[in-house]
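Two complexes, one shared chain (chain A), two partners (chain B, chain C).
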Partner chain A sequence: MKTQDWKNLGWSAALLVVAALLPLTNDGYLISLGVSIAMYTVLATSWALFSGPTHYISLATAAFFGIGTYVMGSGIEHLPYWVLLPIAGLIGGVIAALVGLATLRLSGVYFVIFTLGLAEMTRQAVTWYQNQTGHKGTYVLTELTDPDIYWQLLGLAALVFLLGWAIGRSKLGFALRIIGDDEDVARHVGINTALSKIALFVVSGATAAIVGAMIAPRYIYIEPATAFTPMLSFQVVIMALLGGTGRLWGPLVGVIPFTLLWEAISSSFPNQTTLLLGLSFLAIVYLLPGGFVGLYDRLRGRAKKRSAMA
Partner chain B sequence: MMANTVISLRGATKQFGGLVAVDNVSFDVREHEVLGLIGPNGSGKSTTLNLISGALPATDGEISLRGGTITGLPARQIARKGVSRTFQLVRLLPSMNVLENVMAGGVFGHRRRWGQSAERHAMQVLEKIGMADKAKAHVGQLTYIDTKRVELARALSGEPEVLLLDEWLAGLNPTELTEGIDLIHRLRDEGRTIILVEHVMDAIRSLCDNCVVMSSGKKIAEGTTDDVLSDPEVIRAYLGDDDA
Partner chain C sequence: MKRRTFFKVTTTLAATLMAGAAFAQDNIIVGAVAPKTGPLAGGAAVTHWPNIKLWVDEVNARGGLNVGGEQRMLEVIEYDDQTNPAETIKAVQRLATQDNADIILAPYSTGLNIAAAPIFDRLGFPQITSSAATDQIGELSGQFNDMFFLLGRSTDLAEDAVEVLSDLREAGEIGNRVAMVNVADAFGIELMAVAKPAVEAAGFELVYETSYPLGTQDLSPIMKAVKGADPDAFVAWSYPPDTFGLTEQAMIEELDVKAFYTAVATAFPAFAGRFGAAAEGVMGIGGVNTASPEFMDYAARHEAATGAKPDYWASGMMYASLQILEEAIETTGTLDMAEVTQFIKDNAFETVMGTIDFDDQNSNTAYWTVGQWQGGEFKGIKETGRDGAVEPILKTGWE
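Right, the complex of A and B next:
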């Protein structure tokens, strides 16, 4: 590792420690906001690990998240909480692999529609099953408090960042950048494009499932409409794009302002949230095509040019 | 098939619906040979190249590399077995610099390297083609011939058994053309095995040991470059009946 790497690692660790101190404020509202930010950070960052380099827009986050929620909901009576987290990840990962095998040969638009359909289909399947067995929802009763959930999500975020950093330096990361640039070239230099894409899709699917499992105790009562809400998939995409997917830290700088904005919108205009979500999507795509990362790179490029001329 | 045959086509055929783009074509490429694949536009040369590299699956026939069949294998496996190519329209990786573009060919290909060893090797290839000073340049800043050089370097960095060049010299101005021909000449002198789809006659004459001529998907002539280029049927295919 180079000195720069150690420096980045040091800064990240320091930020993590500061973030971990949040529950000490004892402010319920702040902590609940912190849970949302930590949750979206994990979801958007792991989403961008796959979609950033490959440019495949996945709307399946809600499907994996919901699956994780239901693994927790249906398992908590029988198995310890800590066992259910990896099981949720495993099931999410396996489903992602199957979906990936079936769909990653599809080109862009078809993949987007398929992933959106997947979330809806899973929701309908769970609803149908519950109707058959005669109960509407599932209770998830644990001793876990908001600070516990917050710390868990923070730990998961740290893991996702470490994993993303490792992938970025690996052959797999290099392969994905080549695939994102030109898939035909990737095939002709010897890259197994399908396998590389599936590997990253599995990472994001498993992560979303674990997040769902971690959040489930917070919902207490889960039903398909909340666990598989398609809104979640869109929010994750918007946040990641707002931040920019070109860098590992990109989604994070999108998640924080967007969660705050969202909080303001949903408390002031509770009936117009979907409309405002759509408008903010348009605004981001038009005004910030590369997200904050792209803006940062453009400004830095301009500054460099100016100093070169001076 | 002789012992040192690198690539061998037997009855290779490619059909697109009712159109037979490559019709029952057979030829061999021996080690250290530079073979020109020539013919008028639309005669199926590039399609033949695409069959060898695995960009397109063959409809019929057999293609083998050093005696092992590669027909029907996906492009990535053919690349790993040692077939590298450039594309008719240059395809560089736009988000990467020159060095990374060249490394891309050497990390997953026939001879695989990673990390510093991959970087060192890519640098050596860049030195060989005269672009070491532009290793950190972004590919968007390159001149046309330099983009072609980078693509060639990418193909070379996997140390392929055979190199497929699809009209690599097309679109170059006269000065660049001389440089380009010199560069391929150096590869030839190194003893590389090359299949060259080309229109530039000067290049064909000075670079190719042998030529296969195609017309309307069929092989119409094969032999040493001089023989083939003076064959009346080849001239007729190129220029039409009146001039032959």
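Right, the complex of A and C next:
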């Protein structure tokens, strides 16, 4: 590793420690904001690991999140909490692999539509199963509090960042970047494009499932409508794009301002939330096409040019 | 937008907010969070929000709440949780820590109330739920001591409907053939899971049963199949859109049953508004004692203040939850929520729905389970300890 890598790692670790201190403020409101930010950071970053380099827009986040929620909901009576987290990840990963095998040959808009349908399909499957078995409500009653959930999400975020960093340096990451630039070229130089895409899709699916399992104790009462809400998929995409998917830290700088903006809108204009949110989206798309990462790169490029001129 | 305009807008906004905060010094801040958008916005607009407006208007019209000898006006801060539990939790936190709410009202629906329970519990606010139907009352109130339940157990709601049918059969009014359907979603599945064994245990013949996905638009095949099975009674564990849809199809098919039951939203005034005289004899979940002077008075005030009638199930319970809170605050003379909560646990309350006395699980054990449209009102016909239940009538056609 280069000195620069060590320096980045050090900075990241320091930031993580600072973030982990948030619950010490003992401010419930800040902590619940923190849970939101941590949750979307994990989801958006893992989403960008797959969609960033490949340019495949996946709207399946809600499907995997919901699967994780239901793994926790149906398993908590029988198995310890800590066992259920990896099980949720495993199930999410296996389903992502199956879905990936079936669909990653699709390109562009077909893939988007399929992933959007996936959340609804999974939701219907869960409902069908409950209906067949005469289900009487799913409850996840635990002793876990918001700070516990926050720390868990933070830990998961650290893992996702490490994984993303490792993938970025590996052959796999290189292969994915080539696929993103031109899939035909990638295939011609001997890259197994399907396998590379599936591998990353599995990572993001498993991660979303684990997040769902971690959030389940917070909702306590699990309903298909809240576990599989399609809004989640869209929010993750918007946050990741706002930040920019070109860099590992991109989604993070999208998640934080977006969550704060959302918060400001819903607290100041409770009756016009959706309207103002729509306007913000328009503004983001028009003013920040490459997200914050794009803006940063443009500004840096301009600064470089200027210093070169001088 | 130019930067200067933007600056102007934000400063004006900040000034307004600050002025609001200064003005609010002596007011009691009432925090309210419930859906204004999302799947449950429609239900909340009928059952939840109008009662808050009614109560606050009334209290303020008489000079505010008396807290320890001091009259203090109510000021409401409302948030939309978008029918999303994470937003509910965050809004409750925001009300408590940013808005310094003195009181926070329980949210709307089973799911959102249960999601908010840990926060209410940790903040120490009493959470008097009026729209949560669950069988886990014991577990929930055991873990969250400040959580109260007005609406009752879901099992009772389903079992009592079956009991109404049994009684009609014992009286020789209806036959033995029952058709039963349910919406394949949380509450519909739960009620079906209770009702099916109950129907079988009561010795009915289940001649047709099916389920349909939430949001099904075309319910006519179901009603055709129901009609083909020639039942004596029809029961649907339905949600608002399909409650209306199934009833409409029953009219089109001229389903000839002597007992017709649909679940959620049958008790909405809009149901009679839509079906008029054809609603006569339709049974549904909920009910109230429409002959009680307290309820009649409440319904009249509700209509005068909000322009809409209350529903005949959870509306009255929502208002009752506000009455309980009001009495507890005025009698204890404090906004100390621990004291208020203890008072609610220890005392019985006279409300528009009758006397409410929580048991040791914080549960109201006397509530309406089945109602029926009779003469333009949805009257309670089955309860778990309320006065004023009327005799059920038979459904005679759809004219």
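Criterion: the second predicted complex is superposed on the first by the 291 of 310 C-alpha atoms of A that agree within 3 Å, B and C clash if a C-alpha of one lies under 4 Å from a C-alpha of the other, contacts with A are read in each partner's own complex, and residues count from 1 in each chain.
Everything below uses one rule, namely that a contact is a pair of C-beta atoms (placed from the backbone, for glycine too) under 8 Å apart; a residue touches a chain by one contact, two chains touch by 3 or more.
Since the structure is predicted, the reported quantities are computational estimates derived from the model, not experimental observations.
Enquirer: State whether A:P80 touches chain B only (first), chain C only (second), both chains, or neither.
Expert: So A:P80 meets neither chain B nor chain C here.
Enquirer: Contact-wise, after the overlay, does A:S32 reach chain B, chain C, both or neither (first, second, both, neither)?
Expert: second
Enquirer: Under the stated touch criterion, which partner chain does A:G180 make contact with: chain B (first), chain C (second), both, or neither?
Expert: After superposing on A, A:G180 lies in contact with chain B but is clear of chain C.
Enquirer: Determine, for the superposed model, which of the two partners chain B and chain C contacts more residues of chain A.
Expert: C
Enquirer: Is A:K171 touching the first partner chain B, the second partner chain C, both, or neither of them?
Expert: After superposing on A, A:K171 lies in contact with chain B but is clear of chain C.
Enquirer: Just chain B (first), just chain C (second), both, or neither: which does A:I191 touch?
Expert: first
Enquirer: With both complexes overlaid on chain A, does A:Y221 touch chain B (first), chain C (second), both or neither?
Expert: Only chain C is touched by A:Y221; chain B is not.
Enquirer: Just to be sure I follow: which residues of chain A are touched by chain B in one complex and then by chain C in the other one?
Expert: Chain A residues touching both partners: none found.
Enquirer: Considering the complex alone, what residue numbers of chain B touch chain A?
Expert: My answer: residues 53-55, 74-77, 79-80, 84-85, 87, 91, 93-96, 103-105, 107-110, 112, 114, 154, 158.
Enquirer: Residues of chain A touching chain C in their complex?
Expert: 27-29, 31-33, 35-36, 124, 127-128, 130-131, 134-137, 139, 141, 145-146, 215, 218-221, 223-226, 229, 231, 263, 266-268, 270-271, 273-274
Enquirer: So in the complex, the part of chain C that touches chain A is made up of which residues?
Expert: 13, 17, 36-37, 39, 78-80, 82-87, 89-91, 93-94, 96-98, 110-111, 114-115, 117-119, 122-123, 134-136, 139-140, 143, 154, 182, 184-186, 189-190, 192-194, 196, 211, 213-214
Enquirer: How about chain A: which of its residues touch chain B in the complex?
Expert: Interface residues on chain A, with respect to chain B: 171, 174-175, 177-178, 180-182, 184-185, 187-193.
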